[in-house]
Amino acid sequence: MEEGFLLEQKTLEGDLNSETSHQSSVDFLMNWFRKRSIFVLAYGTGCGAIEMPPTFTSRYDAERLGIRGAATPRQADVIIVSGYCSYKTLRRIIRTYEQMSNPKYVLALGSCTVNGGMYWDSYNTIKKLEDYLPVDMYVNGCMPRPESILEGFIELQKEIGAGKASSWQKYEENHEFYRKNQEAVLGEKVEPSYEADWYLYEGGL
Amino acid sequence: MILLELLLMLLVAYGVGFLYYGLYRNITARFQRRFGPPLWQSFFDSIKFFLKEESTSHGWMFYLGPIIMMSGAITTLFFIPFFKETTNFSGLSSYGNLFVVLYLLVLGPLGNALGVGTGGNPFGAMGVTRGLSRLFALELPFYIAVIAIMSLSGSADISEIAAHQSTMYALAYPLLFIGALFSFIGMMGQSPFDVVGAPVEVYSGPASEFSGKFLALLMSQSAIYTFAKLVLMVNLFLGGAQGFLELLLKTFVLFLFVISFGSLYGRFKTPQSIDFLLKVPTTIAVIGLILATWS
Amino acid sequence: MMINLSNYALGHIVLALEMSHLANFFAVLILLSMGTLLFLVKNYALPKSFYALSALLSTSLFLIVYAADYLLFFIGWEVMSITTYFLLSFSVSQKTLHKYIIFAMSSALALFIAILMIYSTQQSFLYSDARESFELMGEFQGVFFLVLILFAIFVKLGVIGFHYWLVDAYEEAHDIFTAFLSAVLSKMGVYALIILVVKVTQPMLALAIIGVMTSIIATFKAIQEDSVKRVLAYSSIAQLGYIVTVLGVADGMSGALYHSLIHTAVKLLLFINIAGVIYMTGRDKFSQLGGLIYKMPQSFVLLLIGIIVLAGMPPLGGFSSKFLIYSALLDTKYLLLLSGVMFSSASAFLYIYKLIYGVYLGHPSHKKLESAKEVSLSFLLPQYLLAFILITLGTFPALIVPYINEILLESSLTTLSFTHAGELISAFAQFNGLIVMSAFGTIFVLVVIFFVSTRSKAKEAKNRFDIAYCGEEPDESTHLHYGYSMGKELARVGILRAIIKNSSSHFYEYLGKQTLSFAELFRKIYSGKLSVNFNIAILFLLLLLWGSLR
Amino acid sequence: MFKTIKSNFATADVEVKRQDLYKVVIKYDRLSALIDFLYNNYTYKILNAITCTDWIEEGHFALTYLITTEDRSNTFMIQTLVGREDTKVESFSKKFKQAQIMERDLHEMYGIDFIGNDNLKELSLENWVHTPPLRREFDTLEFVNEHLTFREGREDNVDVKAETKRLRALKKAQKEADKKAKEAADASALKENEDGK
């Protein structure tokens, strides 16, 4: 183990723990666990997906920060929208996002999610992701390198730790707004047609 | 008194199980030249899943899946004595025997398989089918070895088998041990027999529909099962243990071997693993059985 | 304790009926099956002759059970076979009927020859003289006798190689009658095996080996099947394989009897359950069923109990009998056979899971299934009764040990030791069913309480299509039921392919063809031409003349 | 072969583009016959691609069929011109299975109707109700402005082509300046060296 690497790890973790906030101790503890363990949906939506394997494998090793991949949306906390997002992909992303369980976060990668990027005049690519899904963290670049992705994750973790990342609540509260935008580009109806009260439903044992 | 002991057993298994999982992730990381996560990362993961705001359910049988699995894990644990030649930490093992434990080891997964089936996810059912297809091939060498051991010890009682070994069976009957070890690698869900939950092929298999607290329960039971299986293996082949230190040492050595083996090999397809298990380890175990009981 | 019911001398032939504990045990099995199956009858419009034949069948069964000599036994056996034929003929295809009758008749023939052989040594049909008669036979004669008897019994049990008729008949028979076939008629095979073989000879290793082979092969055959009733038929064969195995070793009687009881109860439960499903949906293939759990929740729970018993899982009764079988094999040091039995038992998990997944879990494979409803009480009541028996036997596994001990004493075998009803003690080990059950139950309740009280809420999925499906949205047309292809990939494993693909039907079809061509040879003599017939007649007359002159 | 094609399909003129690539332009009504001819009499059994070019100025689509021999030694490029409005073309999906999806794609992108293709469902666009996007009268920028919202801050967009040209020119000038400066430096260095001697 090299000196430099340990130093980097220490810096990153120190950065992660530096946030002090004014929460009750229960909330603090809960957010601490949430921040220390992040399951990322391994779903490559665009060209940016190519930057994710190095982020998660030996070279950059996101697992040292508690970030690891999950195969299904049911197990994931974070969905990475990696790069441009065509209508067809958007429909799948929305479906996947709605299947994830709260709390859930969206990390948008690359210029395309910010303003359309190089697909700014493309007829089948959306320009602003936040019109359709609530975004917690944008990582800029075309494409952002793994270092940037890790930094984005650490910022996201900080926000989670401070209890500030609450995009999923935003999605529930402004569900009609998002659904209207989604339907504007996806056609008449977004399947499955979850009603807004789907989120208020409390069933089961 | 017995209740306190059972509680302690559970706590030890829970803690040590998660510790071993952390070690597993760290050691695999080192094999892959990575830094690896913190030691208690798996524990954090499971707590986080318990703290998720919500999870999706598919009806009451879906609830029962993970619950049966957890109950199965804890029951199995209670029927395996931790130490030999003492009644401390022997749990309920005097009321059961090895056959009970062998079947309890499967009860949890079968219960869970029902939950998976209720979830309605075809990938889950696919994973379960792969698991069950692999299961019998996996169990055969283990059964052969265990049967030979029972016959040699003249008892089906686990603590008696542990106490019966003047030299450990692993050294006295190496072929039996090798045969059983192949099965054990599969039982611990390690490569090359880990086709059940292959995330890239079957969408994480049986767990593909479980979220939130369901998943947390599955992670916790996996830690307990891991420890229970390790203790069982130590009792059967490695001569049992007389104190916590010995137990931890022996289980850790076994665990280290299993995960090293697992991180070095690729994954078999289901028919391949069945084929391999029915040919190589079974033959080894049968030869071991014949040699061990010839006289 | 043996009660002589009657002794009737016919010349020097003595016919006897006798009430032994063993006979009573099997009579109870018959009564249990009849009692539970009677509940179902009113759901079906059965022809009157069905009832008459059933009455005749049960009479013959009691005759078999209470007979104390070979002749009455044979009469009972024959009546059973014939009435079975007529009962099958209500719904079974002509081909299957032919298969059945050929097998039944050849088995009867073999049995008759064997009975005559035993009679010829001491001029007595009585069971009490059988052992002595068998010992008086020459070595060759003895082996021949055993082969004949075993052939007759194996056909009834459907041991692999002789199961050609069985699976088809089980599949096509009326749902009630299939349950009866599996629960009772196969047990008559077990009873015959005990009376005619085990009590007469020494324990036979060959029998045990045949039993293990049967159970392994039948298990793998069951995994491949698509029809629910065929899977259960093969499962019956496999379970009877355990009984045959354990009867082949010394001290195996207790396990065999215990397993007979468990198997009767569980197969009744499973067949009644499946009959209910077929009654409700009209479908009997895994590929056509599925997703019935929330439509028929009670049936689901009952089937769940059934399959846990069938798998031999600890808290329920299936484990108790498996435990006795394993202990007997372990005690007699047939270790490889024991591995074979345990292997077959572990392989069974696959078809057992298929049984419950294919019918109740997953997705309905057809819209029609969405409107299925819970079956009526007449289906549920007998199942509850059987489930109660099975759960009781799991909790108090030694409950019937005193009765089994009486039977063992009667046959002068070593008895099982008995402390209290919760603890089953075999020759090799013991386990406490009460503790296992209560430990599992308590832990289960505690886990449920803990789980329900965790902070995380659980919301129900909006509809059944709300599943993680790679971001796609499945709909009615997406094939989501996995029941059909379950276990199919086993055929790709080299070793198992030999078991799965090969079938005894090839052999029997070959045999049939050879018989036909042999018959053809004779038919050619009578070509139909008048001149040839005339010549044959002349030849025949000349032969007669020559014969009478000599 | 060329002779037969010339005589039988009078309008056709075979052009040898490369040793392994022949091109023929043919009227639409003889297309099917030519493909049949090549399919039956020679080993042209593989349909590589169907492409479409929109010649909006001339008012027609150019459909190009690429068919290849079985041993992949030669490719025939058959081009035919069809009208732009309400285009109806015969499907080859019965003869070549792979034509099914190619035609489906062309239907989606150009609105060409392939008669005889049983599945012309949209392939990559879902619920598309506008002009098929690869027709040249479809203005993507206009569509985007109409249907999608931009994030503020893209108004200073410059014409990319002009900008690239300008940057290239700048670069070139810079390079030349550098070169001159270097030459001058070299010359002075040489001079200094000579002086040093």
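When the chains are written out, they are named A, B, C and D in that same order, and each has its own residue count from 1.
In this text, contacts are C-beta pairs under 8 Å (C-beta built on N, C-alpha and C of every residue); 3 or more make two chains touch, one makes a residue touch a chain.
Just so it is clear, the structure is predicted and the values come from calculations on it, not from any experiment.
**Q** Suppose you hop from subunit C to any chain it touches, then on again the same way; how many hops at least until you reach subunit D?
**A** Minimum number of steps from subunit C to subunit D: 2.
**Q** Applying the document's contact definition, name the chain pair with more C-beta pairs in contact, A-B or A-C.
**A** The comparison resolves to A-B.
**Q** By Cα centroids, which chain is closest to the centre of the whole protein?
**A** B
**Q** Where the CA atoms of subunit A average out and where those of subunit D average out, how many Å apart are those spots?
**A** Those two chain centres are 38 Å apart.
**Q** Could you tell me the distance, in whole angstrom, between the mean C-alpha positions of subunit A and subunit C?
**A** Taking the average C-alpha coordinate of subunit A and of subunit C, the gap between them is 57 Å.
**Q** Could you please state the distance in Å, as a whole number, between where the Cα atoms of subunit B are centred and where those of subunit D are centred?
**A** 59
**Q** Hey, what residues on subunit A touch two or more of the other chains?
**A** Within subunit A, residues 72, 74, 99, 203-205 contact more than one other chain.
**Q** Which residues does subunit C have that touch at least 2 chains other than itself?
**A** 451, 457-460, 466, 468
**Q** What is the complete set of touching chain pairs?
**A** Between chains, contact exists in these pairs: A-B, A-C, A-D, B-C.
**Q** Inside the complex, what are the residues of subunit C that reach subunit B?
**A** The contact residues of subunit C facing subunit B are 291, 293-294, 300, 304, 308, 311-315, 319, 322-323, 326-327, 330, 333, 335-336, 338-339, 342-343, 346-347, 349-350, 353, 356-357, 360-363, 428-432, 435-436, 439-440, 443-444, 447-448, 451, 454-461, 464, 466-470, 480-482, 486-487, 489-490, 492-496.
**Q** Which subunit C residues qualify as touching subunit A in the complex?
**A** Within the complex, subunit C contacts subunit A at residues 451-452, 457-460, 462-463, 465-466, 468, 471-473.
**Q** For the complex, which residues does subunit A have touching subunit C?
**A** Spelled out, the residues of subunit A in touch with subunit C are 43, 72-74, 92-93, 95-96, 99, 191-192, 194, 198, 201-205.
**Q** With touch defined as at the start, can you tell me which subunit B residues reach subunit A in the complex?
**A** Checking each residue of subunit B against subunit A gives 25, 29, 32-38, 41, 44-45, 47-48, 51-57, 60, 63, 199-200, 203-204, 207-212, 215.
**Q** So in the complex, which bits of subunit B are touching subunit C?
**A** Contacts found on subunit B: 49-59, 61, 63, 66-68, 70-72, 74-75, 78-79, 92, 95-100, 103-104, 106-107, 110, 113-114, 117-123, 125-126, 128-129, 132-133, 135-136, 139-140, 143-144, 147-148, 150-151, 155-157, 203, 208-209, 212-214, 216-217, 270-271, 274-275, 278-279, 286, 289, 293.
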